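The structure follows.
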Amino acid sequence: MAVTALKDYQFEPADRVENFHGNQLLYIGWEDHLLFCAPFAFPFPPAMRFGDVVEQVLPAAFGYHPDFAKIDWATAQWFKSGQPWTPDFDKSLADNGLGHKDVIRFRTPGLTGIKGSCT
Amino acid sequence: MSNVFLALQANEETRAIIEAITEDNPHAVVHPSPAMVKIDAEGSLTVRRETIEALIGRSFDLQELHINLISLSGHIDETDDELTLHWNA
Amino acid sequence: MDMNVPKKKLSLKEKYSHMTRGLDWEPSYQSKDDVYPYAKYEGIKIHDWDKWEDPFRLTMDAYWKYQAEKERKLYAIIDAYAQNNGHLSVTDARYINTVKLFLTGVSPLEYMAHRGFAHVGRQLPGAGPRVACLMQSIDEIRHAQTQVHSLSNYNKYYNGLHDFRHMHDRVWYLSVPKSFFDDAITAGPFEFMVAIGFSFEYVLTNLLFVPFVSGAAYNGDMGAMTFGFSAQSDEARHMTLGLEVIKFMLEQDPDNLPIVQRWIDKWAWRGTRVLTLVAMMMDYMLPKRIMSWKEAWEVYFEENGGALFKDLARYGITMPKCIEDITKEKEHLSHQAWATFYNYGAAAAFHTWTPDEDEMNWLSEKYPDSFDKYYRPRLEYWRDEAAKGNRFYNKTLPMLCQVCQIPMLFTEPGDPTKICYREAQYKDDKYHFCSDHCKEIFEHEPEKYIQSWLPVHQIYQGNCFPEGTDPTAEGFDPLAAVLAYYHMNFGRDNLDFEGSEDQKNFDAWRGVATSND
Amino acid sequence: MQMDLRTVAIKPLRNTFDHVARRLGADKPASRYQEGTFDMQAAANFHYRPTWDPEHEIFDASRTAIKMADWYAFKDPRQFYYGTYTLARAKQQDTAEANFNFVETRGLAAMLNDEVKATSLKLLLPLRHVAWGGNLNNASMCAYGYGTAFTQPCIYHAMDHLGIAQYLTRVGLLLGSEEELDAAKDAWMTGDAWQGLRRYVEDSFVLKDPVELFVAQNVALDGLLYPLVYETIVDDVLSSEGGTAIALLTQFMTEWFGETRRWVDATLKTAAGESAENKALLEKWTTQWRDRAASALTPVAQIAVGGRADTVVAEQVEQFNTRLAKAGVTV
């Protein structure tokens, strides 16, 4: 469907990748850990190594949770747009097929939050 | 039939109005809450000028209701003598 | 000349008709389409504006008279409240945070309603609705101003209200109410009437005002109670206008039904999303609670809205589809919202806290199916960590919904442990949503929502730092720069209530005011 | 909880809102007019373009050719915010009510001579429609103007015009009946005397520039019509012929014009004082619309003053020019 307007109504998207100074957006959520109220949004260069995101960025974002230190990344399950997906930690975001505004989530089996409440 | 309602501020001016409404609408149920009074009535509710006038001892313009009205529901019919709220279904 | 023939007494309706539609005429020197250029493009068909039924028949002289009386009363109370340090009689200083949220989030919308109704009143070609809309326009500037004037006194003594207008256009959570109203006013005039006049005023405003205002009364805030009830006295007129507009459109042409139904569906959802803030205010921010969000929803939406939609069924209107999901959400909404502000308490212009034991017990009682199972463990963990000096402040920016702009905090309908993710592709980009309903709204008008000024993305684009900031400079602190752009004072306006300047001042002042020495 | 609070002196943390303090140049106590006006309109980060006007933002200063460095340079000399506005009007409506009552209960309407009565009805009743047009136009200025300092008085002015249209309707119903209202509408639609004026009003409806509209409606048309009809014709001509009752019934309009022209003049003065470009534009608009208004009003004046209409209108134009010169606009 198209918007109903009196005149031509076309605008550039406010969040086109060109506006992010060489970065692209990646959204990351941790399943079963709603102590973090919502998934996070990050600006990353597409050439960034996926492993660097996990090793260098996620600890600052999710490290407050006592489960975080217990994560075994080898068993973590990943989803991209809700579908099972396997990242290659040594490849870049782009080479992992991650584009601007992609959303990924991870599940850490056995870790279900504070008192098992998915917090 | 669904309920209509009228909510008024609770003060000296509305005391008589509420009394008049309950007099004219025996089916109405009055719920007081902090600083306000909500009056529910099944189907319809009528506010009558003459009943209010008899209680306050002066002439009353039904539009004076606006001063103390908080909320209402239902369709409105307004004449010089009556204000009626009602649902059609 | 027969001077003494008594004149025929005109009825209220006849007199009012002369005072409004009798003034209007069909232009002939300019075409009607040029005089009312926005009346047709939405596809709403109106054949006879004279069929419009005026809901309340208030002429200007009566309007001035009654409104002046309301104003006299209101300002007398505002003055007395200020002179007597009325702010010290509220239950406790946490209450004042509801007032901050109100002034930064709601009062600017009252102003938008003022301009919006001036615009729609100018554009609708019928005399009846024009007068009603313009009366609403002037009422709405009243509401904006009486709120500013009432709350001005709080601003003198408490933090976070000091730059509410500036904040409204910039701060991340305030983009939720702002984009809601921007969405309505940028729609055509008929959609605006459904969005604001009907969905918001008629269906949802009771949920905003009645609990907020009763809550204010319950918590000793006579100032807010008075402006609130005084504003509500105008709402009765606004609500009837909203209902009349719907009936009128539906009676004019059967082709209007699907358009109106889609608007009702859209705006019931948009409005409910905005009310998330009210839900959390009622359940978490009022020290003395009046009723739970869930109860308010049941009384004012399920019961009252139910009666309304039953009545509109004869036109073919059905209950908005989203209501089913909202009904599921009512158990969770306030808890998830408060958790979000607790997370981002360093970037909010009001204080947050964990409820005390009594309050948690109240929440358990009001939400027996959800609170203890899902939310108490979260709150208790935060409370215990804060007691150990490890208060949680989430410093990573959240993902937002493209339409309602709320962080993606909502869970799947029916599963409160799973965040609800929805996405769509439009042209070269992906877009993300908190729900099926926000996604559907986007897909109907993608050209509109790709323009959204999403605060998180704007920060990452570098658009939310004070002028002259160099984000590449060494030691650049993005949070500090964003708060500076918001005009938010770190350590005064934000962070936990415990230890805040508000808390200390209130205790000290109340001590002085209630002691005898 | 009812608490017994002693009145104690507590030093406030601040005296007013920061955006108000920035405009006052210091944190000092501000008036309710200032707190209810300054920066009340959103000015940044609009989310979507209007579907009815995609070339502009929701609020957009470029809808007018007038350029202001700061749209909050405008100040209503009456300092009206909603509360003071309604209180002022309530007082005036009280007087108006008393006047209508007086005329009605003393039978003053019946004592009017037929000629004065007929002239009054013929002259005043079609003006209901002109006031209705003023209502529409001021709603437009409020909706599409920029900045609350400029737009706020416009909504008050819009409602005032509606009130005036309703007072004129009451005059019609008091002196005549529904038939007179119908006859006046016919005159408005087809009578020769009114077509120039109706064309003027309808042409103003399609103006897109809110400040030009302000000039066409509030400066030029009302600036000539009100002194002509209510001061010259009603107060002088008709009163001298025994029509004092008419002056009583239209006292609201006379006072209203005296009050509101202060705002209109102040607005012009601020806009014209901003730059030579603004001044030139305002002078061009004012001249154009004044000339059209003057010629449209001449046949209307004839209804009451007959052959003297040209002279009477010319006098009004002269006074108008003097008034505008004081507001910094040379026409």
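In order of appearance the chains are A, B, C and D, and numbering begins at 1 in each one.
Please note the rule applied: contacts are C-beta pairs under 8 Å (C-beta built on N, C-alpha and C of every residue); 3 or more make two chains touch, one makes a residue touch a chain.
Keep in mind it's a predicted model, so treat the numbers as computed, not measured.
Trainee: Could you compare the number of C-beta pairs in contact for A-D with that for A-C and name the larger?
Mentor: A-C
Trainee: In whole angstrom, what separates the CA-based centres of chain A and chain B?
Mentor: So the centroids are 56 Å from each other.
Trainee: Distance between chain B and chain D based on Cα centroids, please, to the nearest Å.
Mentor: 37
Trainee: Provide the C-alpha centroid distance between chain A and chain C, rounded to the nearest whole angstrom.
Mentor: Result: the chain centres lie 31 Å from each other.
Trainee: Of all the residues in chain C, which ones touch at least 2 other chains?
Mentor: If we look for residues of chain C contacting two or more partner chains, we find 37-38, 41, 69, 188, 448, 451-453, 458.
Trainee: So which stretches of chain A touch two or more other chains?
Mentor: Where chain A meets two or more other chains at a single residue, that happens at 3-6, 9, 11.
Trainee: Send over the residues of chain D in touch with two or more other chains.
Mentor: In chain D, the residues touching two or more other chains are 49, 51-52.
Trainee: Under the stated touch criterion, can you name all the chain pairs that qualify?
Mentor: Inter-chain contacts occur between A-C, A-D, B-C, C-D.
Trainee: Touching chain C in the complex: which residues of chain B?
Mentor: 2-5, 7, 9, 33-36, 61, 63-64, 66-76, 78-80, 87-89
Trainee: Can you name the residues of chain C that touch chain D in the complex?
Mentor: By the definition above, chain C touches chain D via 1, 3-4, 7-8, 10, 15, 18-19, 22-25, 27-30, 34-35, 37-38, 41, 59-61, 63-65, 67-69, 71-72, 74-75, 83-86, 88-89, 91, 108, 111-112, 114-115, 118-119, 121-123, 130-131, 134-135, 137-138, 141-142, 144-146, 148-149, 152, 155-159, 161-166, 168-170, 175, 178-179, 182-183, 185-189, 220, 448-449, 451-453, 458, 487, 505, 509, 512-514.
Trainee: Which of the residues in chain D come into contact with chain C in the complex?
Mentor: 1-8, 10, 12-19, 32, 35-36, 39-52, 58-59, 81-83, 86-87, 89-94, 96-97, 107, 110, 114, 128-129, 131-132, 135-136, 139-140, 142-144, 148, 151-152, 154-156, 158-160, 162-163, 165-167, 169, 173, 177-178, 181, 185, 188-189, 198-199, 202-203, 205-206
Trainee: Chain A touches which residues of chain C in the complex?
Mentor: These residues of chain C touch chain A: 37-38, 41-43, 188, 336, 339-340, 343-344, 373-374, 377-378, 381-382, 392, 394-400, 407-409, 411, 416-419, 421, 423, 427-432, 443-448, 450-454, 456-458, 460-462.
Trainee: Provide the residue numbers of chain D that touch chain A in the complex, in ascending order.
Mentor: 49, 51-55
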